[in-house]
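The two complexes that follow have chain A in common; it is paired with chain B in the first and with chain C in the second.
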Partner chain A sequence: MENRPLEYDYTVAKMFMFTTVALGIVGMLIGVILAFQLAFPELNLVLGEGLAEYTNYSRLRPLHTDAVIFGFTLSGIWATWYYVGQRVLKVSMAESKFLMFIGKLHFALYLVGVVAVVASLFLGITTSKEYAEFEWPIDIAIVVVWVLFGVSIFGLIGIRREKSLYISVWYYIASFLGIAMLYLFNNMEIPTMLGANAAGESGFGNWWHSVSMYAGTNDALVEWWYGHNAVAFGFTVPIVAMIYYFLPKESGQAIYSYKLSLLSFWGLMFVYLWAGGHHLLYSTVPDWMQTMGSVFSVILILPSWGSAINMLLTMKGEWQQVAASPLIKFMVLGSTFYMFSTLEGPIQAIKSVNAIAHFTDWIVGHVHDGTLGWVGFMIMAALYHMAPRVFKREIYSKSLMVTQFWIQTLGVVLYFTSMWIAGITQGMMWRAHDEFGNLAYSFIDTVTVLHPYYTIRGVGGLLYLVGFLMFAYNIYKTMSARPVEESELQNASPMGA
Partner chain B sequence: MNIAELQAYGYFALVVFLVIALYSYIYHLYSTDKKVGGHDYEKFSNMALHDDLGDAPVSPISDDKEK
Partner chain C sequence: MFHWLEKHPFFFAVGIFVTIAFAGLVEILPNFAQASRPVIGTTPYSTLELTGRHVYIKNSCNACHSQLVRPFKSETDRYGHYSLSGEYAYDRPFLWGSKRTGPDLMRVGNYRTTDWHENHMKNPASVVPGSIMPAYKWMFTNKADVETAYAEQLTVAQFFSVPYNKEVPMKDGSTKVVKMGASIAEANELALAEAKVIAANMKDQDVKDAVAKGEIPEIVALIAYMNSLK
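Then we have the complex of A and B:
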């Protein structure tokens, strides 16, 4: 047998790169459809009355959120883990048949899960808890997938050559542990077929149907402890893991302050878990919990900005790279949007502000400046950096990437600015009243006023989707672009014209 | 003392605790950084910058085994 030198094995990373792109397209396409449905309600019936059940807004909305969160984002997290993990631990997956098998099984079961989720949500099978819509059989499958992810993390750590764990690995471990805990507690549910009523009858409902173990306010509390920390451990922590690896690597600059990265890590871990109460302000949860949620939300600015500023300062003295490289542009704008949404969030968490913001489009704006500007940009940047290294080819086109960057940036700006105006207008109109306390407007008045902003949001979202298709095309063409030498892959990624 | 007061004291204690923990951690980071034989934390960035399979690890795991 020939004696080839050991190399990193990106088989599993490539598989997850594929689902990142594919599910990104699906999720964002549905997002654009939703946005236009809000502006032009006739679109609920695009395929006719007969199929309205499958094309209406309420059926599609959970498909959007779950496709972008558990499809696009999660795949991105795993694609980068199976790439970064090996590299910073200096151990190849080719060295362990076991880990290779676990990695592939992880991907295969994940695919099964995706199919089950898409099919069941289309059929309208749902627990009706936001971001936790899956019924119990799927929940069990997800737990298995998650355990495999854990085996893969700790297995790789077990055979590593590098003794210390790089900061990104800390963040990946935190995502793993955080989501495991949240998911288990929030999805505690009882299949209705196991229930019995006072008359002794049992076996209610379909076999897949279940009810939450919590009721009323408790259910809401657990749900938002989960929901908020899903943002923490899905949209923040693993994305920070990515930027701590990909920005230094692509720019060739050491992290501005490694100590600050450790400090913000613990800061984030301590503070995030207490902030979930800000989703339930003015609701029936105890007042002190609401106040605690607000206060911790404001404190959360510190660790968040600690990471973001650390990233921006990593570029100190090297700002010409931002101008020169579209890949660095994505990451620098990503961390800027991270700062932006982590300033906006705490403002919305102040009780008096939340009184205007809650239930309005301002929240949706906040969601998307975080997800489109930070999560989306960072995942695309990570895949752009990985593509030349896993395919051993240069990125197909730099100019396409630059064009994509500007189109998407415009898209994000249109999205959040329109939602700010719409949200604050909505909030003010809902509470406006005359001197006798009669409401000044009815609900339909707000709908009329908001129509132009909904259209602008739709256009912004469409631009972002177009950019994402350009990204997909660029990655696809990279697979057959000019082959490159190992030496070209040290730092800045090679790009074709 | 009613529950609200208790919560307020508890809350205050938690904040004080977090502040102390945070500052001691900063102190810990900077003092081990300077100590001879301590970590040079900033060197850890090299784990990302020099991450080829052939690159020397920043702190090889085999160091432990030799001891």
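Then we have the complex of A and C:
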């Protein structure tokens, strides 16, 4: 026994891999439906007049964002945590009954949360705050799920054999702490069943309804401090955690620079939180805060590019792998999209640019080149790397991966280029004046002009969804294939050779 | 120092937390010290208006419509005076939105009528040719939830001192009192009285009949809210 290598236990990782794929399909499918509803409004009645209330754009829109954020992305983060955590801390989940129980409970409660969220959003039970739409009972459930994630992180760290925390673990810890702080403060609300009238009667109306602790401008300030940094600690920090583990593992290359990873980690931690103000430029929040939001957004290029450059330089001298391995393709293009997106964001945060970009589809385009190109690609790459090791089977098809890669890349490119044109067109038309100083266009002119771009965007999204279904199929065929080996493989995927 | 931190997870976590919490402390707390004071003329939402605001939120109208007029000529030309912080003093939650798939609604009450909204919500393209907004026909049959709005009024009056049943200064120097029911029965009466005014300007016979029977369809509440946005 003494000399056997550690056998890691991937039970919980497998569970979250399943929800990553399932909720990814749901979230992206709804996204494609939404995209085509904007191009062809009759699709709002896709299931007929009777169900219009539930298939309507506005009812589905929060479902799309929350399914991809709290469904696909969170599941992906947790699937990788329950895989990477054990390996970099050199300890198996099987060694602690307690942590195994916590992991399973984490997953079970998460499933309950997912069901509650889907049901409540379909019914229109929402607080309206973006990415924080859930009413207080679900908020409490989410906090419990999040605490279990924290127990799992620090529990595993507590029994670790490798004393030094690997870079990925830094990012997982940061993700846990960041979201915990942001989520708690943004969701401070008072259940309205507490409100009592002069006769002392209370408990009127829906028991789940609540009212925000903050009003107006303050509410907006807290919401975008949350909203922007939920992106930071949900879409950036844990995804960087993944690439710091999976890229060196898959390529066999050591991280290019430890110092650069230090600089970008602590830089990101310090700078990111300030940038939330760029969502509120020219609004009624104080000017100095808007300026801080702008300035720090530009500074944010440094730590973001630090991580991305560190990744790309890790491939130094080994660029032939990009051509040879579809998995490396996903990760290298992911880092590139990360650089692209973290340059685009600061540009949009410059006040004069924001004056045109804000409220337009350019912002939607920006979000999607980050999420599709960076978050989506990285999570799929992580699952592709994990699948053979977790299921002890070879990846089903490498050529399917390559096809998927190109289809999805084309999808992302169609998506963001069409949204750039749409956003800038609309922003310019809104502000155009004629020779007499009157507005040149009525609002509807600026909507109908977008039809071709909305159509192209829908096609781009559809291509990405098709690629994702290929990914799901590939993973399914991998896990259901005949097992190859009983113990861990040396060259576990066709790319490893 | 960093090598040491990486071997001591507790201090590492504390270090991260302090680093990320710093910005929030500096940026957000000072603004709370001078919590938004209402500008003159801003009144709390009446029972029916608040009910309508819930209908607005329930259907995520804020996913496509902003309520924030930025201080540019092109925006003040199109939507009216730019937004002031104090105008949002009673907005819990804020409904600024982040995307203008449709036009801003901050001051829609100044230039759209009950009749316009009625036709528009039934079939947007009939009023605005080329519109990509979906129809909201179920609002004409779904019953509005006045009771939850009443609970919210009680809550904000109790916890945030929102001035219901109190004199609020108006722009012309007069004062106005926004009433809140002393009981749920009175709240329903207040809402129904408002609903009757709206329904009188509507054409849909089913809606008129419902209001005459003492029921309030969602559309009536929503229009009351739309008309209050000025």
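The rule is simple: the second predicted complex is superposed on the first by the 467 of 497 C-alpha atoms of A that agree within 3 Å, B and C clash if a C-alpha of one lies under 4 Å from a C-alpha of the other, contacts with A are read in each partner's own complex, and residues count from 1 in each chain.
Convention: contacts are C-beta pairs under 8 Å (C-beta built on N, C-alpha and C of every residue); 3 or more make two chains touch, one makes a residue touch a chain.
Note that the structure is predicted; figures quoted are calculated from it, not measured.
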Superposition on chain A - do chain B and chain C clash or fit: fit
Touching partner for A:E7 - first (chain B), second (chain C), both, neither: first
Per-residue contact with chain A, leading partner among chain C and chain B: C
First (chain B), second (chain C), both or neither touched by A:Y245: first
Chain B versus chain C as contact partner of A:M380, first or second or both or neither: neither
Chain B versus chain C as contact partner of A:L156, first or second or both or neither: neither
Which of chain B and chain C A:A254 touches, first, second, both or neither: first
Partner chain in contact with A:V390 - chain B first, chain C second, else both or neither: neither
Partner chain in contact with A:H433 - chain B first, chain C second, else both or neither: second
Contacts of A:L262 with chain B and chain C, given as first, second, both or neither: both
Touched partner set for A:N206, first chain B, second chain C, both or neither: second
Distance of closest approach, chain C and chain B, by C-alpha atoms in Å: 6
Residues on chain A lying within both footprints (that of chain B and that of chain C): 163-164, 262, 266, 270, 292
In the complex, chain B residues that touch chain A: 4, 7, 11, 18, 21-22, 25-26, 29-30, 33, 41-42, 44-49, 51, 53, 55, 57-64
Contacting residues of chain A [partner chain C, same complex]: 37-38, 41, 44-45, 49, 52-53, 56-59, 61-62, 124-130, 154, 157, 163-165, 170, 173-174, 177-178, 181, 185, 190, 192-199, 201-206, 209, 211-212, 214-223, 225, 262, 266, 269-270, 272-274, 276-277, 279, 282-286, 289, 292, 355, 358-361, 363-364, 430-433, 438-439, 443-444, 447-448
Chain B-facing residues of chain A, complex: 6-8, 87-88, 90, 92, 160-164, 166-168, 244-245, 248-249, 252, 254-255, 257-259, 262-263, 266-267, 270, 288, 292
Of chain C, residues touching chain A in the complex: 2-3, 6-7, 9, 12-13, 16-17, 19-24, 27-28, 31-32, 35-36, 57-64, 66, 68, 70-75, 77-78, 83-85, 87-103, 125, 128-138, 145, 147-160, 181-184
